[in-house]
Amino acid sequence: MNPSDYLSAALMIAGAVFFLAGTLGLLRFPDVYSRLHALTKADNVGLGLVVMGLAVQAESWAVVGKLLLIWLLVLLAGASVAHLIARGALERGIKLWRR
Amino acid sequence: MGALLSEISWGVVLILLPLAGGIACFLFPRAAKVLGLVSVFAVLLSVSGLGWNIKVNGIYRHAIGGWNAPLGIDLYADGLSLLMLAATALVGFGISVYSADYFEREDAARFWPIWLLLLAALNALFLSADVFNLYVTLELMGLAAVALAALAGGRDALGGAMRYLLASLLGSLAYLFGVALLYHGFGSMDIAMLAVRVEASPAVWAALGLMSVGLLLKTALFPLHFWLPPAHASAPAPVSALLSALVVKGSFYILLRLWLEIFGPLGGGVDTLFGLLGTGAILWGSLQALRQTRLKLLVAYSTVAQIGYFFISFPLAASAGVTAWSAAAYLVLSHALAKAAMFLATGNVLRFGGHDRIADLDRVVQRLPLTACAFALAGVSIMGLPPSGGFVGKWLLLQAALTQDRWDLVSVIILGGVLAAGYVFKVIGHAFTLADISHESREVPAKMEWAALLLAFGAILLGFLASPVLSLVGIGVPFGVSEVSP
Amino acid sequence: MSAAFLFALVGVGLFSLGLYALIVHAHLLRKILAINVMGSGVFLVLVALAKRTGESQPDAVPHALVITGIVVAVSATALALTLMLKLTAETGRAELPEDQGK
Amino acid sequence: MEALTLLHWTFDILLGLGLLWLGWRVLTSPDLFNAIVLFVAFGLLMALAWVRLDAPDIALAEAAIGAGLTGALLLAAFAKLRTVEKNHDIAGQLEKGKLENRSFQWWPATFLLVVAAGLGHTVLSLPHYATGLSAEVSANLKSSGVSNPVTAVLLNFRGYDTLLEMVVLLLALLGVWSISGSALPREAAPGPILDTLSRLLTPVLILVAAYLLWVGAHAPGGAFQAGAVLGAAGVLLLLSGWRLSSHLAGLPLRIILVAGPVAFVAMAVFTMLTGGQFLEYPRAEAGTLILFLETAATLSIGTTLAALFLGERPKNKREYP
């Protein structure tokens, strides 16, 4: 193992922690809006860290470009879908959770 | 001329022609009827071309892509394939002529492309020598058949089609599982190669079980026939004819082929089981047919019964191979013609009187004499009275049973004939009875009457053609060599 | 025992689960899902056993067969869903006519 | 190394159990909508299993078609089912759909346990080492025109299967159109986000499809995966309210739908007229001809999948007088 391996391992483990947190939020949060919040926030960052971890290992800039493209696409899709779900929920009349 | 005939690879033509025809019908819906009729007629000619080719050169084999099995897929045709292709082309042509007047405008634009693709699927099925390729043709055939069965719309047709689709998909999946086991057990999908490599092992037995159940479900052998009567009885008449005469034969052909090449030599009592189920089908189907009050359902249950006869050949084949299998082949052919004629005649009655209640069939004989005649002639073949194709088939079957002293099967064959006489005469009797209820009557085009009559004539004519037809079927020795020759 | 057989057994399990659901459930959408799960099971058997080559490169033929199978499955699913919708529009219930009122 | 094997085993076993558990939940979850969402998740887990089985081509196809498009079809059907059932005014029908989950039935369950045990035993009885046709495939890969073995099998060695498969897709569409009839395009107002998203993503998806098509010759990818991505672009456009203009809904649309099968038939006729067998490409041009076939197939597959998603045939008033 050389230093770059340690770096990418650290990045990817950090990413996995974010995924774990997001998943926990998805399962434990009380209503659809807060679940979406937990999911998208954590997953976007988590995926970003994983992509960075992989980019460290990449053999060429083209691969780095592809990885970044994947991240951007997931960001775009994730944000839009979260918005659509939230809007759908509002239209259905699902109330915000208040303590 | 002869050189040209043998130079063209007619098997490929038989697949591509209806395919191209179907696509053309889809692209130009206004010309669908003309394009469809031309394509089906061309298919009929191409089958003659293939027949000529096989008669002169023997077995037809075509390595697609030039690869040869096991890497590539081969097309294969012997006498048995030729018989199925010819039956499909003949019956298909008769039904097409009928459909040209039956479907109009938008309905014609829906019917023709699907029917031509079904024809392509059937031809591809009868020509395939590869078990996975057969799966694709099975799915093609199943989806086309379901789409056609749903053409009429309405609760009954849609419900029937839905049930048919689920049964068909389940059957294909079971078959595909069998393909997976055969391939992973013996490293090939080519039937001839599998025939050489297969030896008794759990994989083969499981494949036999899965493929048999899947194909029996699609062939609607008792007690897996539950989907057939609703689907066949609620479809438009020409579609019922196609489904009963041709589509159930497709899956039966695969089963027969696999049995002859791969599973038959293994033994193991499955043939006895098939014989029992066949017996059950004959008795149950005939009794149900007798009970029906609607003509179309009666004809559909008659199909359930007649399918049983095909399976009586399996237990008889062990020691009278050629006779028993020739009987099955002859029954398949004559049932295709006769059942198509019956459904088309039923369609005429429905169109004429607006209903198909058997009790109110009174004026049919006077007003639709040709249709009544077609129904009666087809009935002669279904009952197995001489001279008819049905008679030859049942006679051969009786011969095979008698040489082995299988009196149980002899009595089933005869009893089935008597029951068939019962339900055919039930219809004819009502058609002759005068009743004075007046019906709204609609004109039935002459072509529709003649199409039914000519198909029925074909079934009768087969009674005189036994030896040429059987010698043609024997090309390539599909049934193996046996001591009894027809 | 190897990964090939592990996944092949999972395939057998999925096939059986799907068949059970196909028999037991009346709702057509559920039956369609069941057929799809069964199909996945068969595909899994077909591909898992292709890994028995003993090399890193598995047998490519079953892979191609399964891609064909996936396309066939989506075609059949589309047709089945359309039939289901039309039938429901006629009868008001997404069940086979004979199963209704059971 | 030991640890790595152990890790692989743990992963595979968890994946297998996850598949079975999800499969069970799909088929028994009381709520139909949940069942569909779980089915999509099941498809994604299947894709993971394909990766573990060294089948990246199938993983792509599964994710795009098995999970993605089938999921979209199921969800669309579910939404329509809800409207249909509302129209029929059967109150609580959907609630009933929730409760329809029948109680456990012993007879079929026992029967299927026996079936599963028998099949499991059969699978385990197969030889533990078998090469299948891999030797033949690699021996002929050079003359196939492509270097991805799966593409070689799909488009060359067993190209005839693929021809029939294109017809299966076409037939499904014919069936769907025949059953559901035709309809005038409905306007839909999806809102700005979906609109922007589809504007941004459609060109990207088309680019990805073209890339998959091209790369399929030597790496995972090919006509079906590309077609599925193209189909996804179509679904996205349809969701955001876009409809084909009625000038194009007739013959032009139909020509694109049949482009794949027509290309195959044309290729078959061409190969036979030039003295070869059915679909026997001249060795030197095999790569180019395969790319041509795949391009036509991709267009047809994409369009057909999107059309299947839409359901009704787009109406063209001049079609039937």
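We just call them A, B, C and D in the order they show up, numbering each chain from 1.
One rule holds in what follows: a residue touches a chain if its C-beta (ideal position, glycine included) is under 8 Å from a C-beta of that chain, and two chains touch if they have at least 3 such contacts.
Computed from a predicted model, the values in this text were never measured in an experiment.
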| item | value |
| --- | --- |
| Shortest walk length in steps over touching chains, chain A through to chain C | 2 |
| Chain whose Cα centroid lies at the greatest distance from that of chain C | A |
| Separation of mean Cα positions, chain C and chain B [Å, integer] | 28 |
| Geometric centre distance via CA averages, chain D-chain B, whole Å | 31 |
| Approximate Å spacing (C-alpha centroids) for the pair chain A, chain B | 57 |
| Numbers and ranges of chain C residues touching at least 2 other chains | 15, 19, 45, 49-50, 52, 61-62, 65, 68, 72, 75-76, 79, 83-84, 86 |
| Per-residue overlap in chain B, given as positions that touch at least 2 other chains | 132, 136, 139, 143, 146-147, 150, 153, 158, 177, 183-184 |
| Interchain contacts (touch definition) - all pairs | A-D, B-C, B-D, C-D |
| Of all residues in chain D, those that touch chain B in their complex | 118-119, 121-123, 125-127, 130-133, 136-137, 140, 156-161, 164-165, 167-168, 170-172, 174-175, 177-179, 251, 254-255, 257-258, 261-262, 265, 268-269, 272, 276-281, 319-320 |
| In the complex with chain D, residue positions of chain B that touch it | 9, 12, 16, 19-20, 23, 26-27, 29, 62-67, 70-73, 75, 105-106, 109-110, 113-114, 117, 120-121, 124, 132-133, 136-137, 139-140, 143-144, 146-147, 150-151, 153, 158, 177, 181, 183-185, 187-188, 201-203, 205-206 |
| Complex contacts: residues of chain B adjacent to chain C | 132, 136, 139, 143, 146-147, 150, 153-156, 158-159, 161-163, 165-166, 169-170, 173, 176-177, 180, 183-184, 230 |
| Of chain C, residues touching chain B in the complex | 15, 19, 22, 28, 31, 35, 38-39, 42, 45-46, 49-50, 52, 61-62, 65, 68-69, 72, 75-76, 79-80, 83-84, 86-87, 90-91, 96-98 |
| Complex contacts: residues of chain A adjacent to chain D | 73, 76-77, 80, 83-84, 87 |
